[in-house]
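For reference, chains read A, B, C, D, E and F in written order, and residue numbers begin at 1 within each chain.
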Amino acid sequence: MNPIRPTIPLDLPGKHHGFLRLPYSRNDSAWGSVLIPLTVIAGEPGPTALLTGGNHGDEYEGPIALQQLAWELEPAEVTGRVIIAPYLNYPAFRAGTRVSPIDGVNMNRCFPGRRDGTVTQKIANYFDSVLVPMADLVLDYHSGGKTLDFLPYAAAHYLDDPAQQAACVAAMRAFGAPFSMMMREIDAVGMFDTAVEAQGKVFVTTEIGGGGTATAASTRIALRGARNVLRHAGILGGEIEGAEDSVMLDMPGDDCFHFAERDGLLHPLVDLGEEVAEGQPIARIWPADRTGIAPLEMQASRPGIIAARHFPGLVQSGDCLAVIAMRA
Amino acid sequence: MNPIRPTIPLDLPGKHHGFLRLPYSRNDSAWGSVLIPLTVIAGEPGPTALLTGGNHGDEYEGPIALQQLAWELEPAEVTGRVIIAPYLNYPAFRAGTRVSPIDGVNMNRCFPGRRDGTVTQKIANYFDSVLVPMADLVLDYHSGGKTLDFLPYAAAHYLDDPAQQAACVAAMRAFGAPFSMMMREIDAVGMFDTAVEAQGKVFVTTEIGGGGTATAASTRIALRGARNVLRHAGILGGEIEGAEDSVMLDMPGDDCFHFAERDGLLHPLVDLGEEVAEGQPIARIWPADRTGIAPLEMQASRPGIIAARHFPGLVQSGDCLAVIAMRA
Amino acid sequence: MNPIRPTIPLDLPGKHHGFLRLPYSRNDSAWGSVLIPLTVIAGEPGPTALLTGGNHGDEYEGPIALQQLAWELEPAEVTGRVIIAPYLNYPAFRAGTRVSPIDGVNMNRCFPGRRDGTVTQKIANYFDSVLVPMADLVLDYHSGGKTLDFLPYAAAHYLDDPAQQAACVAAMRAFGAPFSMMMREIDAVGMFDTAVEAQGKVFVTTEIGGGGTATAASTRIALRGARNVLRHAGILGGEIEGAEDSVMLDMPGDDCFHFAERDGLLHPLVDLGEEVAEGQPIARIWPADRTGIAPLEMQASRPGIIAARHFPGLVQSGDCLAVIAMRA
Amino acid sequence: MNPIRPTIPLDLPGKHHGFLRLPYSRNDSAWGSVLIPLTVIAGEPGPTALLTGGNHGDEYEGPIALQQLAWELEPAEVTGRVIIAPYLNYPAFRAGTRVSPIDGVNMNRCFPGRRDGTVTQKIANYFDSVLVPMADLVLDYHSGGKTLDFLPYAAAHYLDDPAQQAACVAAMRAFGAPFSMMMREIDAVGMFDTAVEAQGKVFVTTEIGGGGTATAASTRIALRGARNVLRHAGILGGEIEGAEDSVMLDMPGDDCFHFAERDGLLHPLVDLGEEVAEGQPIARIWPADRTGIAPLEMQASRPGIIAARHFPGLVQSGDCLAVIAMRA
Amino acid sequence: MNPIRPTIPLDLPGKHHGFLRLPYSRNDSAWGSVLIPLTVIAGEPGPTALLTGGNHGDEYEGPIALQQLAWELEPAEVTGRVIIAPYLNYPAFRAGTRVSPIDGVNMNRCFPGRRDGTVTQKIANYFDSVLVPMADLVLDYHSGGKTLDFLPYAAAHYLDDPAQQAACVAAMRAFGAPFSMMMREIDAVGMFDTAVEAQGKVFVTTEIGGGGTATAASTRIALRGARNVLRHAGILGGEIEGAEDSVMLDMPGDDCFHFAERDGLLHPLVDLGEEVAEGQPIARIWPADRTGIAPLEMQASRPGIIAARHFPGLVQSGDCLAVIAMRA
Amino acid sequence: MNPIRPTIPLDLPGKHHGFLRLPYSRNDSAWGSVLIPLTVIAGEPGPTALLTGGNHGDEYEGPIALQQLAWELEPAEVTGRVIIAPYLNYPAFRAGTRVSPIDGVNMNRCFPGRRDGTVTQKIANYFDSVLVPMADLVLDYHSGGKTLDFLPYAAAHYLDDPAQQAACVAAMRAFGAPFSMMMREIDAVGMFDTAVEAQGKVFVTTEIGGGGTATAASTRIALRGARNVLRHAGILGGEIEGAEDSVMLDMPGDDCFHFAERDGLLHPLVDLGEEVAEGQPIARIWPADRTGIAPLEMQASRPGIIAARHFPGLVQSGDCLAVIAMRA
């Protein structure tokens, strides 16, 4: 049995703030624990939504929106139940890192986790085996983190079950991000997305900005999206806002991704949201150790719109420099 | 005598790419050196400009613009001499950190350096005692680095000598950044700025973006600014571009700076460039370890425009959250 | 087959000091090994006792008592055999840490280990598959380590086999610690205790003090206990000393454990061995970053005697602050 | 001028909680600060007491007593002023380490500090140049920290000025610790003690327990001592409690200190507070890497009472194993 | 399916330089990759040789020889195909360490690897499942690395299949190192050698020098050996050079290996290649912490020739001090 | 006054082994010390020789020879006094690093040290102010350490005082290394050599091998050299051995030193002791991140003999690749 225990009831009406407690013995605390913050808000009977942020620890729009929502949402507004976990990979969130500082595990590649595994695997297993089964709809927030930057979008996957896919697409559209992205995961093994979809649930994910920061604008997108999705699910009342203006995008294949084959200083020539033609120079890589050497110039391998970009000023060989999407 | 030696001539016509070599004995290289890239481009007799980036190692617009300039500028275009050091604190630049990983020294607080000091102090001393004296004008690039984000501006200081100040202001305006900032340094001890100004030179500095990244837009500002300043100094021919649209700003006092008094998750309520009224909420700080607690709300202590902001999604007690400037 | 080999015979009469040699290839020694100290003392035919310390590397009473015993015990005194391993998790002992610095594994949660696993798993597997099968009785020393502090007690588990449990209880009483504790492990998976008990052996464990130190008083308890247990087993002659005064305790359930839900500075209000009433304040947690804020006050959730306490002056959210036992 | 600024008034009646703000630019916060908690409580005119803890960051009785005092003391009780800084070396306190993690400086060897020095030196300089001059009496708490353990005592130094020494001794006796120690510092350069005494102030210091923990008993000694000293100074009313029972001790010379000349596992033979004869064995050091080797045995070089001891279970060559004091 | 993809064709005629790209998401690059350099040179149809270096990251003769070979070998010279991977454990090679800095895995103990494992395991799995099956002959270079030093030899294993063993021995002799060694692996689990031999391939390995350096002489041995082996395989034309002078050695058993049982300063008494008699002193270990103590003296446990030695000046308990081989 | 105290008498006849004790307070030992091993052997009245090794912590011939000498030399053999400090920078020696792990200071650039400085500076100051003044002759051992490799030589400096220089040269020749080197230090500030020579003493230094190892052959050179120098000084009797065969070398200027201007994999083309012509290729630097790129080739800038070389297989930009000396 998974060793995690909630310190609050998961199935009682009202609003409860508490923790998931995971025993974790270590050098600096022989009988210590990881306490993962959790809020459950339940009103009249109805569907359950599970809202998660911090799947990667350096992505901030989700945690901010979910803290705000956990603070301001009241049981009287809710038909059904909202389970809010702003920091899914809590140790990574506290460290401000993508993966957990405890075990080095990328949470979004370790589902369904293991109940006798590492800290990250135990958390994944608890969500997979206890919380996801309680939910009708799961919204999992992502942003670019410290090393990537994205156009703000909500996303849905191409799925084998057309009805499930349609339900996911409808929820994605309801979110109302400036962009909406259809994605076909090449290697979906271990993703939270896959684990949730495999249980037949409605699943929406996002990429909203990046760089390890959040802005007033990006957090407003995230918060409006959460309320919109809850309205779409019938858990909150009121009208969905701003969803009609979302631009539909698609990432059709591997040639969308552009990788660096040299270390150096990154000189971007186009920015997020700009249209590029095939063969257009999109970046130069200057050597970091000398002057007077021609830069390596990268060209767009396909036409489209810059949907993601490498964030840090220095680039390492093998890094993804840019992703070019196309309008759907 | 300072132990640094250039591997190229500093005073010959033509274009030379090389290094400043600083002997540095250490565990992983008993007889090692730090090689700081340097380019010198000299044409017909005329004034000397010293262009420096990487004073802080995580600020990228200067290094990119100076690599590009060192690559494309030809002696035939130059009247006088351009000395280009894209990475002033080279060890910090390679590490992608504000201060040097070798000695932990903030280069911009260690001038005039020491010839028998640490690596950073020796570099500072070499610039202060050898390269700055050769120059008529010094342009030193800064951006916000990994933890701050700025409106793009060139800046000049209030100086005791009105003629020198006027020359600096003219060069700052020539740079042609979207914003131009007059600054009164409270604590100028150890700054490169102060060391250069003390030698009676024309000095321009900048803040262009931040977050430890650079964009196509921000690098264009940096590169245009370098060319504009060289034109202004008579070293390059051609017209100054785009300088007329710069917005003049001022940072009049300590109350421009807003500091966090709590650790937590930063929820920004206004963005860079937005106008705020006195008392207007500008940010919330949510607790990082639990839900269900009211956030700390920060208000603007004066009206103005948001000119700088804390970048990382997590904030530490004592961090500068925002700087509010006023239009001059 | 487990790659560990002893450098001394395990089954010959006399007294042999040597090592268990475990090949361990690593960056700083391509063909290196871990050498785990071992002493075997055998006299006339009789039962075998396996005495182990250093299961956790920062607990010292066991290693001291076993060094002393390995030094002073002579074959002529022994009927049977005594196998002494003062430092079960030898790499952790040398580092002064609870878990191994090599693989981060908590030895007392990795039994029965793996012969093709990490260093800690290989050691566990060797004891489980080679040394424990040779033994009739196993005494494994524990103390609180650097982060916990305990009343000094020997302990036995509630077992399914009443005869085995009785044999263990008799050995625990023979140890003669100031306190004797009956324990029901909630989660016994991976413990050395469980592995030994599963082989039908008589097993005694201890908790003697803590804090990562040892005192003259606590080491005397440990050494007397070893001699008492060997007398009880018929391996040593002479009378058992001081066992009649031991106070019997019990840890009946989860509500014995009190966890912190806030980081801060720990202000204890009661000490080890003191009696508390239900609801009595036992500790305050002051904020570590400011003055003038009310502390969080923790109350006893049940009446009893303080049997264990958090040791470090700072407390982390999730740490066990105190354990309240009751007199049996 | 020292760059530290208080966020609260130091000289107004009432009770103010705030910080000393020290600007500290670094990789993870370009415009960051260190915020050192401070409380000032002022009532009717009268003398000023400066109470400090956390001079070393792993000593806890002072911080706990001062947090409690800052919380519960009211201006109406106070004649004069009480300035409370529970965490003098705040970065070390947060790290739980003796010296600062920022600069590695031992605060109690860096007075009078430097206003343009490292973080620790700037803090020392601020206390030396701003807060100590405001005070009539300074009480600075110490304990043994993570590596030493002490009998609980307050202490005063032998001073050149008999009147100042008498005033310090009177305050030490008023503190009312179980023991009171007269000390002659061999090497007093850089100590806070010396800096305060050099300004002609009344100074009391303490050693209360150790090991990096605090107990209910030790914190009660610390808190009672603070109240007693404030009563002694006329700042608080009421009777001094428990001072008459204090045992007077003296540390007459270098032969009080016993140092290890071998690494190993420490086997103590006597405990804190026990009387020893000259030549009596006080500890054994067992080898950490093998069994079957005779331990090194340490003898008392003089008769007396064990006043301090090495705390960790492992000992390093050169460590102080024990201090033997004599009854005055 | 293994996630590694080559960026060049593996089966086309001509000469292609590129990479094996392994996606590797991490804190400093969310969508990063490891790019393992690879060269494929194919001419007229014929056999395939796979040449690998950098199995351990601190062994340099193989990488140098393979860089040189990849640079100078032309398709016109080749009958068949040569696949060159100079840096098998590329992350370890870049770090200059035996095992990978990413996962701590010793590549030569992790075959056949795992396609869903750690970075090192994925690389091993790609070679085992994709590249080795393409090859008729595999030559894998080793040297002593930073902690061992070897006589320069090529080696073959005793195998169950006499025909395969004969083919391996013939290739080993063709290599033409100064020494040739027959080896019986006691524990061959996880070795690249074993994985290749299990696929029925001809396999040659080497040990050429050590200490984490390479000399002009040792690199010439390595380069000549590669060319000789390719000639032997019929892939290159020309005569095998220098193979007739190789001295045949054998490592018959466990008693060839001499291990230290004490830490200290290593005082070697015989050098590589010297003959020793049984019982002859081969090294002293002096204590590192004092003078005036007799050193531990190690004797040869068998007669023979010193074929390998501990390299660093300090020795740790458990290290292999020397290997004594015998002439075949 | 320097805080270091010897635990043995420095001026009594006989043989004493002990320590220099330097108090060093730190996180892991509040009242700890550094114990630097020291042996003093005094016989009939006569001159004093100070023999030191471990000035850099990763150079081993000196420490081995001095341990052996301290062990075997008897007062009856000695006319005068021999002071032996095998590990001058003892913390660096224990860490196996060139510079001290405590303060990062290169001992051979910090003389005359500071009595109130860091640990390394205090040690330097003690030798400079206490031990060197007692000596008539100082022999300080060096080798290449982990990153350089040298021909084995003793060395003397060109000095302003011809008589002192002649005395040093005579002692250097007496040492009897295979090579003898005259050196003109360009930057002698802070060297032990300079500090000793400035006191008018006879000074000999060495470079014997390198790479962080020692061989039987190199330790024999070191030990014979010590005995020869003591014979030369009249402290030991007997004949000087093997000095007549030493080859005289000279390092006339800066162009002896060859520095890398690129990172990469070092491919040496000539070895230590080989003669090279001006312009002869001596090494290639291959890129570490790809195949198929031409290497950078380094040529000899002057004719001569390779006297020193870069040791590690990887080279960093700025490293010294080789030193070419000429026969005197």
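Just so it is clear, a residue touches a chain if its C-beta (ideal position, glycine included) is under 8 Å from a C-beta of that chain, and two chains touch if they have at least 3 such contacts.
Heads up on the chains, UniProt names are A, B, C, D, E, F = N-alpha-acetyl-L-2,4-diaminobutyrate deacetylase.
Bear in mind that the values here come from a model prediction, so they are computed numbers and not experimental data.
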Labels of chains that are neighbours to subunit A and to subunit B: C, F
Length of the shortest touching-chain route, subunit B through to subunit E: 2
Interface residue overlap between copies subunit C and subunit D, same or different (over half shared): same
Contact-richer chain pair (by C-beta pairs counted) among A-F and D-F: D-F
C-D, A-B or A-C - pair sharing over half of the A-E contact pairs: A-C
Chain centre separation (subunit B, subunit F; CA means) in Å: 44
For subunit E paired with subunit F, centre-to-centre distance based on mean C-alpha positions, whole Å: 34
Between subunit D and subunit E, centroid-to-centroid distance (C-alpha), Å: 58
Per-residue overlap in subunit F, given as positions that touch at least 2 other chains: 19, 35, 58, 261, 289-290, 312, 317
In contact (per the touch rule at the top): chain pairs: A-B, A-C, A-E, A-F, B-C, B-D, B-F, C-D, C-E, D-E, D-F, E-F
Touching residues on subunit E, where the partner in the complex is subunit D: 261-263, 289-290, 317
Touch list for subunit D against partner subunit B, complex: 3, 7, 19, 21, 23-35, 116
Interface residues, subunit A side, partner subunit E - complex: 56, 58, 97-99, 106, 109, 144-148, 187, 189, 257, 259, 261, 312, 316-320
In the complex, subunit A residues that touch subunit B: 15, 17, 19, 35, 37-39, 58-60, 63-64, 66-68, 70-71, 84, 86-87, 93-94, 96, 149, 211-217, 219, 265-271, 274, 286, 288-295, 311-314
